[in-house]
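Next come two complexes built around subunit A: one with subunit B, the other with subunit C.
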Partner chain A sequence: MAKVGIPHALAYYLYYPFWKTFFEKLGHEVVVSTPTTRAILDRGVEETVNDACIPIKIYHGHVASLIDQVDYIFCPRLISVRRHGDFGTETFCPKFLGLPDLIRLTFTGAPPIIDTPIDINQLESKPKSKKDKKRKPAEIMEAACVETGDRLGNSITQSRAAYQKAAQVHQRFLTLLEQGKLPPEAIDILFPPENPISYELENPEFNLAVVGYPYAIYDHYINVGLLNILHKENIKVYTQDTLSDKILNQEASELPKSMFWYFSNRAVYGALYYMKKGYIDGIVHITAFACGPDSMVDRLLEIEARRRGKPYLPISIDEHTGESGVRTRVEAFVDMLRYRRDKK
Partner chain B sequence: MKGFLGVDVGSVSTNIVVVDADGKLLVDRYLRTSGRPIEVVQQGIYDIGKELAGDVEILAAGTTGSARFLTSMIVGADVVKNEITAHAVAASNIVPGVRTIIEIGGQDSKIIILRDGVVTDFAMNTVCAAGTGSFLDQQASRLLIPIEEFGNYALKAKNPVRIAGRCAVFAESDMVHKQQLGYNTEDIIAGLCEALVRNYMNNVGKGKEILDPIIFQGGVAANAGLVQAFNHYLNTEVTVPPYFGVMGAIGAALLAKDIYAKKGSTNFKGFNLRDIKYVTTSFECKGCSNACEVVQFYQNGELLARWGDRCGKWELQID
Partner chain C sequence: MKISFPHMGYSYIALKWLVENLGHECIVPPEPSKRTLDLGVRHAPEFACIPYKILMGTYLEVAEMGAELILSSGGRGPCRAGYYWVMHRYLLEELGLDVKLIAFEPPLNDLKGFFKTIHWLRKTGGRSVKEVLNALEVTWEKIKALDDLELCSHETRPYEVNRGDTTRALWKGLDMVDQANTLAELAEARHEGLRLLESVPRDNSRNPLKIGIIGEIYVVLEPAANHYIQIMLGEMGVHTDRSIYLSAYTRNNTIVNLEGDIKAMARPYLNADTIGGHGVNSVAETVLYAKHGFDGVVQLAPFACIPEIVAKGILPTISQEYGIPVLTIFIDEQTGKAGVQTRLEAFVDLLQRRRENKAKSERLAI
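Up next, the complex of A and B:
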């Protein structure tokens, strides 16, 4: 039995239930880092190459906080989870692709890193048949599980069984999201802590769509508590993650071309979907400072929001984001919605 | 006479105004915050009280600016509003039908787009110095020309020099380079004004639909060179309102007036604020590795509020 560390950052927000279940089913112990704190951010900024975006720096901080507590760090190489976009070439952002290498080179004394590749286009070294060239996402995940289990000394049979269980939990997680729970809420429902997070509201004054990368929307430290600020203002939040893949993908046809990056496409499709919905009063886009893809995503959403007449608020986050700046923008945005409504 | 008090406290300046029942400005004060917002507000309000010499009864008070919460507790405010809304309210009052507000202060800048009297879009810059007044301040001190003179120099320019001004640091080295090439000071200063306008338009103004009438406000609007540069860039005439430097405070006062109409009473603690003893203390919470700096606010020894915690554990406000 091993202790496996999962950093509370990046893909955590969408894949934690899956991997936690998988490792535990195999009899290992999962140690997850705490939500981002100032100490984690500071450590990450210190350790990471300077031109990395803030979410990558935060990830480094989480890894640093796990190093002394675990036998392995789980940092899969997320390459692609589906064939999508033009020529089916969608991948995760390049920084995800190189993440295990960045971590390995930054933390030389760290415990071994499990960097199983997740790649829909991955071919086995010797494809046994044509069929191998077109494997389904579920098969890719199962193969990744087998490879990961192997690193930890588990047999193929054990890993396959654990995969089955993990896939079930993941399905439950997706169902909760589609019921409108945000990932942190859904995670707390699946694995109840002492004080579960809840954003329930009786009678929300406004409904806002908050789009962006999950690790920007749900990391309270880096976005200085945006979801809590909105909750206190009596505003219900919808995100791209509360929409099913099917709904999201329908939006792809709205654009002449897709983005190359998985999380960016999700944010864009989610935003386009909500822009058409009458019950959504406005769109908030959380963008990460120094994020390459976001410089395109933000501009695209701004243009589309204007074209469709939806109020649009971009909030850029970086390591110096002050609470007062975010609060001022959110308050002004809500005032704007109120004046608009009262004018009608 | 009846009046309404508005206070705008930012990191650089503290502005205090009183408007009458018609929204007309009675007095205004433009003060340096100098890192001591509590004393500056106390003294400023005391001085205004003296100037009004008992002629004006304050029916309600409003606060805005980055220190609006702190300030509201000092003065006893009836309304606490963000700077965007406050500036929009003030500008709409002075130029009804205004559709674009350009606001540039010492440390930050904003753009506010209105249609039919309602804010429809806005942006704020609080990080990049190249689009704010501090950019000009820095270059003025380099050129050894008082910033107040900047406008006059710029207006005399014949051929403004193109200064690469994407970033305050590059602008500075480019300016030095142009000086060494022998361009005259007037043309360089006019070039700096144009560089600031370009920065502003590329930063906060990016992608915004800028339509007439346009109001240019904030402390920097005093600079005739900048007004000219904006007119030139936008190919129209921007309006600089008479009290361009205290628009946020005017907005807060006008909002107080609205609240008073609904509520009919005030929390205002009076002009003699100076006699109240306000103290803030802070401590570092050891609850988790956020190590929040928690601020406690006392009035005459009594704890009134606490803030600065990330998790809500210490949050407190006693009305």
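Up next, the complex of A and C:
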């Protein structure tokens, strides 16, 4: 029995159900940090290398808030989860690749960090045989789970059983997403809290596609409650996460070359998909200040949206973003949409 | 066809020769200037890194000069540089410029595409396969010769008696390499260039500080992007060793190449095979320079460069463990030469003081 801390940031929004189930099935207690607050952000800004982007700083803040409460911090090294891209070399953003090391070297007094590599191409630094190279994604994921369980003192059999259960829950999570639930809603359905989040609307005035990284869209503190602002404006939100991989990947052929980053590709494909849909009235792109991949993503979407005649609103967020600023921009955007509609 | 390419250090001398000997006209890219950067900044996304902006500016400049085709490089990620050409192409299209942009993807990932492009260039230039192979060989030798001369100049500069002698000798040597057309002429030019550098009046009684230069390839290789940092340090009387040369993996006379597995050096600090760009290298090379008795390390990187930010987050630990000071300089369009110079002077003062203190304490111990 150990207490495993999962920071409420970055990949949390897509993989939390999987890992929560996995650890609980093994008999451990999962501690999640609270949703981002001013204190968490300030702590993150203090600790992190100053040139990092805001989501990485927030992640550091979440880790700091967990340190005194847990026996282990779960910070897997997310490298790649699928063979995709022009050379099959898609990875996560380089900051994800070095994240466990940044955490380890920043918080020297922290509990042990579980930094299992999640890499579709090779699980260990060198594959043991040719057979290893051709392993199925499920086998690789299972091996990663076994390695994680091993760090916590669980046997291979236990880890395998827990993996099976976790994979089932993850599948249910994906099904909920495909039904149109946003990740925070889906997480609340799987693990019901007292006040579940819901963005259901009876008669939405507009449908907007909000694309970007999950940790920018669903973190209410950092985007100053954008989803709630849109909800109050009677706007239904679609994101790239409610589309299945199959639908998303069809968009790859629209580009001369796929991007190298998993979350960026998802955001770009999602945006391209929604640009073609008549029921979507506009695209909102949420980008983090000084995000490297987003400097490319944002300009690409801006050009594509203009060529296809879809209204496009980029919102850049950083530690100084104020709610009134975002609200004003959203209101202006919605006014513009109304004007467009009435003109037609 | 009028062909151009990005400007990176002195490599344009070799690439110009290659383009001309493939039977095309070469539009030599101008050295990146204030104007280049201004043009680039105007059209590039705000948070694109400085190499992207300089390249954008260069492309607009060569398009003005009449280039019809720009050759660039691709990449397999996860560094952004591999995606530049796609975005540059989008932007050139948006601006309505009639210039084509083709990128060479790494041959290891896309051998077929690589040869297809070479073949197409050969055919449109009207050269035989044999001529092209010869041209490629001479170009490679030219790149090596250029690097040899530059390497030698950085070793000579801290000892020069009259400031600027080395740089003048280097340019004479570079001109000679530029003029050479055959392997024999090239060998002679290289020899003559090195002789010129060796005959620069030297004061061998000096014991210069040693600084290793690490970081992202473009800002390390392009003097116009890093405000001629190596020349600046050399003229302050500092010996610099640079971790990256275009011909690096063929040479065995640079510190970085003396060691076998560079990634193993980084592993205790950064346990990833690659984080894109030169991130892992920067971590490993700091360890290397510390082990080889260097006085300090300067990390050069474009502002918002993802891999180098990760490296920067890790370097303080290495700096502490090995007792080697590290100065990180992030370069963007706001960086001024005077600012860089002031920081370098302060850093060099600090290293000098450290060296003196060390010598003092060693004497006391005896």
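By our rule, the second predicted complex is superposed on the first by the 337 of 344 C-alpha atoms of A that agree within 3 Å, B and C clash if a C-alpha of one lies under 4 Å from a C-alpha of the other, contacts with A are read in each partner's own complex, and residues count from 1 in each chain.
Keep in mind that, in the parts below, contacts are C-beta pairs under 8 Å (C-beta built on N, C-alpha and C of every residue); 3 or more make two chains touch, one makes a residue touch a chain.
Keep in mind that what you see is a predicted model, and the values were worked out from it rather than measured.
Asks: Looking at A:91, would you say it contacts subunit B, subunit C, both, or neither? Reply first, second, both or neither.
Replies: A:91 contacts subunit C only, not subunit B.
Asks: Which chain, subunit B or subunit C, is in touch with more residues of subunit A?
Replies: The partner making contact with more of subunit A's residues is C.
Asks: Under the stated touch criterion, which partner chain does A:299 make contact with: subunit B (first), subunit C (second), both, or neither?
Replies: In the superposed model, A:299 contacts both subunit B and subunit C.
Asks: Regarding the shared-chain residue A:255, is it in contact with subunit B (first), subunit C (second), both, or neither?
Replies: In the superposed model, A:255 contacts subunit C only, not subunit B.
Asks: Between subunit B (first) and subunit C (second), which does A:79 come into contact with in this model arrangement: first, second, both, or neither?
Replies: In the superposition, A:79 contacts subunit C only.
Asks: Based on the superposed arrangement, let me know which partner A:221 touches: subunit B (first), subunit C (second), both, or neither?
Replies: first
Asks: Name the contact category of A:343: first (subunit B only), second (subunit C only), both, or neither.
Replies: A:343 sits against subunit B, while subunit C stays out of touch.
Asks: Which holds for A:48: it touches subunit B only (first), subunit C only (second), both, or neither?
Replies: In the superposed model, A:48 contacts subunit C only, not subunit B.
Asks: Once the shared chain is lined up, is A:291 touching subunit B (first), subunit C (second), both, or neither of them?
Replies: A:291 sits against subunit C, while subunit B stays out of touch.
Asks: Of the partners subunit B and subunit C, which touch A:102 in the superposed model: first, second, both, neither?
Replies: In the superposition, A:102 touches subunit C alone.
Asks: Taking the contacts subunit A makes with subunit B in one complex and with subunit C in the other, which residues are shared?
Replies: Residues 299, 303 of subunit A touch both subunit B and subunit C.
Asks: Report the residues of subunit C in contact with subunit A in the complex, numbered from low to high.
Replies: 45-49, 52, 74, 76-80, 82-83, 86-87, 89-91, 94, 105, 109-110, 269-277, 279, 303-307, 309-314, 316-317, 330
Asks: Any idea which subunit A residues touch subunit C in the complex?
Replies: Its residues touching subunit C are 48-49, 51-52, 77, 79, 85-87, 89-95, 97-98, 100-102, 105-106, 115, 125, 255-257, 259-261, 289-296, 298-300, 303.
Asks: Would you mind writing out the residues of subunit A in touch with subunit B in their complex?
Replies: That would be residues 34, 37-40, 220-221, 225, 228, 299, 302-303, 306, 311-312, 318, 320, 322, 324-325, 327-329, 331-332, 335-336, 339-340, 343 of subunit A.
Asks: Can you check the complex and tell me which residues of subunit B touch subunit A?
Replies: 66, 81-85, 116-122, 124, 126-127, 207, 209, 288-292, 310, 312
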